[in-house]
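In this document, chain identifiers A, B, C and D correspond to the written order of the chains, with residue numbering beginning at 1 in each.
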């Protein structure tokens, strides 16, 4: 099935929800595959998954338009990337070390991006992308191309403690930029629980202190995400300035695939946010007659196939060749001598 | 008519704003106020919508610049003092400097760092950070020492597709004057021999070029002819010009205002020791500031940094080896 | 007159107000002197004054107890330093470059401190002291000496945009440290007005987002300061965790004495916050019969005399001697060779 | 029984917590979780109230440590990766490093930096920052290369009244094993000759010591005897031991894993060129990583850093000069 990108105001729209769900599904199946590849020792570097965050991430990615908007994914945004338009092969190539991936072996996994297509390539330092996205929007304003554009990024509860998050969000607020910052509060930063990370009742209470819009949402509930996140995007797009969305959920894997997350207490695992947003979404789609179970199974098969192909293709491709690598960090070549 | 070093910096920015619609200025108090040192005086009025006051958020200032550069613009960011770039360190060395290598998309930002010591400025308004930034791949680090270079190298900085750390010396701002901004306009990557000599080569950059020239002047009366090389950029570093000079003189003293461990003088000396070992008639020497924070009191400050007198001392040691 | 430090819960207390006022007066007269010395070229480096901020700063300093509490002054806290117990000579020695000043010529003017007496020596980088004070309190907790102690620092509206402010305050909130952070919102950061610095209606709205107490106050009104700031200190001291106080006022001089502040619009100068807190305080003291005009004039004369003496003494003292300076940034001396 | 490098780091912290009530540990995920690399595993349980999980706030983490040190405690701060200390840069170089010089009050903090490259870690989890921090007055910078040093130098670090940057190499964590943590326990400031030789001296530190030793091993079959000096600390830098070695061999190669401009190798070479010029029979050489960010892909990574093979190449050049 080719998923069509639905219209933007489609919170309640059938096509929108089907599209979000489809991206969730693609992300989940792809990530399950990455996880097994990791366990089989087929992947270099770490694998950081977005399990449990798909509803949030895919809704955000679906609410944005590639070619016009900016989407700066973070660690757990496979679903959002997919929804925004990233081909699966970009992912598998990066994880499997193909030289044809967007980072050509120079950087890895979740750091991949295509800044020229509106997808910045994250650096590891948490919080750093907030001001970068603000800068992209700021530039569009100077160029006169900002109208109707939105820039969005996801960030974790832990990253809300960084100075970079604060400076970036404040700057966006001062400039009243059309920006959506989604905090995926998955209750842990690596092993660190919320109560060692911040002291406010809900991170959404920060919004007022920045003078920006703030919305909280149950991140395990697709319908809630669809209504709240699209609303935030709409407000930003219509000139309402930055919007902070805080989505509550639970990370359904370890921090990375090396981590068994045994520090997550059972009562949290078994609590409301421990439920699987993909299952919830599937139920919701079926209940509201947006899709049938058979249709969803068919999608699953299609996607599994697609993932298989993307993995197979990337696995055939050679890694980077150090002898042909251009060992220069500058685009400029000095005719005169250079250092080292 | 005479032009100061800071006039040149202001003029370069005016020229850039005039001639390149992609250029904008971003920094604290640089708008109506014209900047802490008046390097942007009048530019907001002349170029409305192109000069922006930022919040006190150095990290975000660089993040914003990188984002703007991705979008095709050419931001010039003014740090109020070089020292405050320590707060933007991550965005400079990890976000800006790695971007081209990682993604293939260059980020043409220029970061202006008002650098170096002046009397009474103390530990946090006096630092020379060129040797810190030059350690990171992906950055071009410029250290103009003349009025003409201040102008042309800022123009060149913005023309590069790569991020540039432009270290302007606060001591030179109003002290250094020239008839005009015209000059030989050497390309970036080429050092300049500012004074020829045959007995020893002093390699310096930024304000230290002038201290070195004074030292050379005062040694002349004893018959010593000292060649002074102005590096102009510390990365790239024009080792060929340095080697050619050392080939003539056989002796090398590298002078820098920064802290003594590592840094520009170590890079210069170790490269000459490698590539020009056979040219040396005496051990190559370095002369830097002392290994403490830059002291506040003028008496301490004057004894902390290289001066014409202390450079003479180092040179005498070198010449009489 | 020897000012006795009044009891702590003395917001409405005659002795407390007299003490605060006396510190305000000492600071003002001292700073006026510094300003003329600066204009006469007698001072090395810059002069940054606290004119207009004295009510806030002195109230804070008076609410704290030296020897038990921590007070980390910032740029405009001459009055708070005085109130906390800094002798005037520490100030004049530093500004006039005496080697006997607390920084021995190594650092200057507003950076002076006596960390061993609970007064950290600020670095220029705005926001940096917040986590440092938190650390001092954190250490006291580990040592078991925290009980009843408060740590306080002032900071500007501009500094609220720094990542360091955010990280430090959040950390203090997570640790529930007895800390008071006073933002002196003097409407400008150097030349930059509030609207280019933040977008919230009042910075006090940030408190909720950190999960800490928040109080706003008219910083030109001594009685208001006395009641609000002592209340914040009381809450922190009694285990209420960090308290953010936002004081509204106007800087009554330039950023430094080199700056004529011509960027401050007349309507702000002539507005409510443009009034001189010292005059307001004097009127309040007299009206409430806490002091008579004659008494205040007598204090003025005494203080002027005292300032004169402190200046004269510092001027006689020699500056640091570079030949006897110990040029080492380490306290340790390596017997084996060291770098440089 | 065998002890790994990371065991030694954990043991040192346990010893310090046991023996010095002033010591506490602060860092992300170091409590119940035991740290990203398990360097603090079990320590929270063994020393309740002495091990604290911090928010993701590197700047504030160092600020807190400095404040605690002023109050007489001895914090050990774990950065999750050295690379993230870029966000704490200001607090390290301006707050901690200047405090003693400015106020006379030392701030005994120890900052642990999990440093250096490992396959697949990429540009932001692989950096070697010792040459950055060493440029700043007021910091001691340690780079242990052996299990015993990892233990004893961490003990020593905490004993200093001054701030210490303790660079521990992630590659050595589990790869490097020893019979016990006992060793010669040299004082900080003294380099170690880990292998004697007569044809050339390789100066290295941290993981590169082991690569250098392998290179030396493989040259032995051609009859070359290479002396390997482990600097142990890069600031202070024990130039005397280096000079004594160069006096014996006449040839110097400085090897470092950090970026090639400036840094430790430049400091070593330029000091030897100055103080030991007459000892040198050939130009002193340096061998560093390439001048790009540390690449992610293992194939690129292996070609980016010095390896036994590439060190051999440099050595052959040096030996046949």
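Convention: contacts are C-beta pairs under 8 Å (C-beta built on N, C-alpha and C of every residue); 3 or more make two chains touch, one makes a residue touch a chain.
As the structure is a computational prediction, the values presented were derived from the model and not from experiment.
Think of each touching pair as a link: the shortest run of links from chain A to chain C has 1 of them.
With centres defined by CA atoms alone, the chain at the far end from chain C is A. Measuring from the averaged C-alpha position of chain B to that of chain C gives a distance of 36 Å. Mean C-alpha positions place chain B and chain D at a centre distance of 30 Å.
Look at where the CA atoms of chain C average out and do the same for chain D: the two points lie 40 Å apart. Shared interface positions of chain B, defined as residues touching 2 or more other chains, are 54-55, 57, 59, 83, 86-87, 90, 94, 97-98, 101-102, 123-124, 134, 137-138, 235, 237, 261, 267, 290-293.
Counting only residues that touch two or more partner chains, chain A has 103, 106-107, 111, 123-125, 161-164, 167, 170-171, 174, 196-198, 328-329, 339. If touching chains are joined by edges, the resulting network of the protein chains shown connects every chain directly with every other. Only residues 24, 49-50, 54-55, 57-73, 90-91, 94-95, 97-106, 134, 137-138, 140, 160-162, 187-190, 235-240, 267 of chain B touch chain A when the two sit together in their complex. Chain A makes touch with chain C in their complex at residues 161-167, 170-171, 173-174, 176, 195-201, 203, 205-212, 241. Put simply, chain C touches chain B in their complex at residues 44-46, 97, 103, 105-108, 111, 123-126, 158-159, 161-164, 189-192, 196-198, 263, 319-323, 325, 327-329, 339-340. Of all residues in chain D, those touching chain A in their complex are 28-29, 31-33, 36, 53-57, 59, 81, 83-84, 86-87, 119-125, 260-261, 288, 290-293, 295-300, 302-304.
Only residues 83, 86-87, 89-90, 93-94, 97-98, 101-102, 123-124, 131-132, 134-138, 235, 237, 258-259, 261-267, 269-270, 272-275, 277-278, 280, 282-286, 290-293 of chain B touch chain D when the two sit together in their complex.
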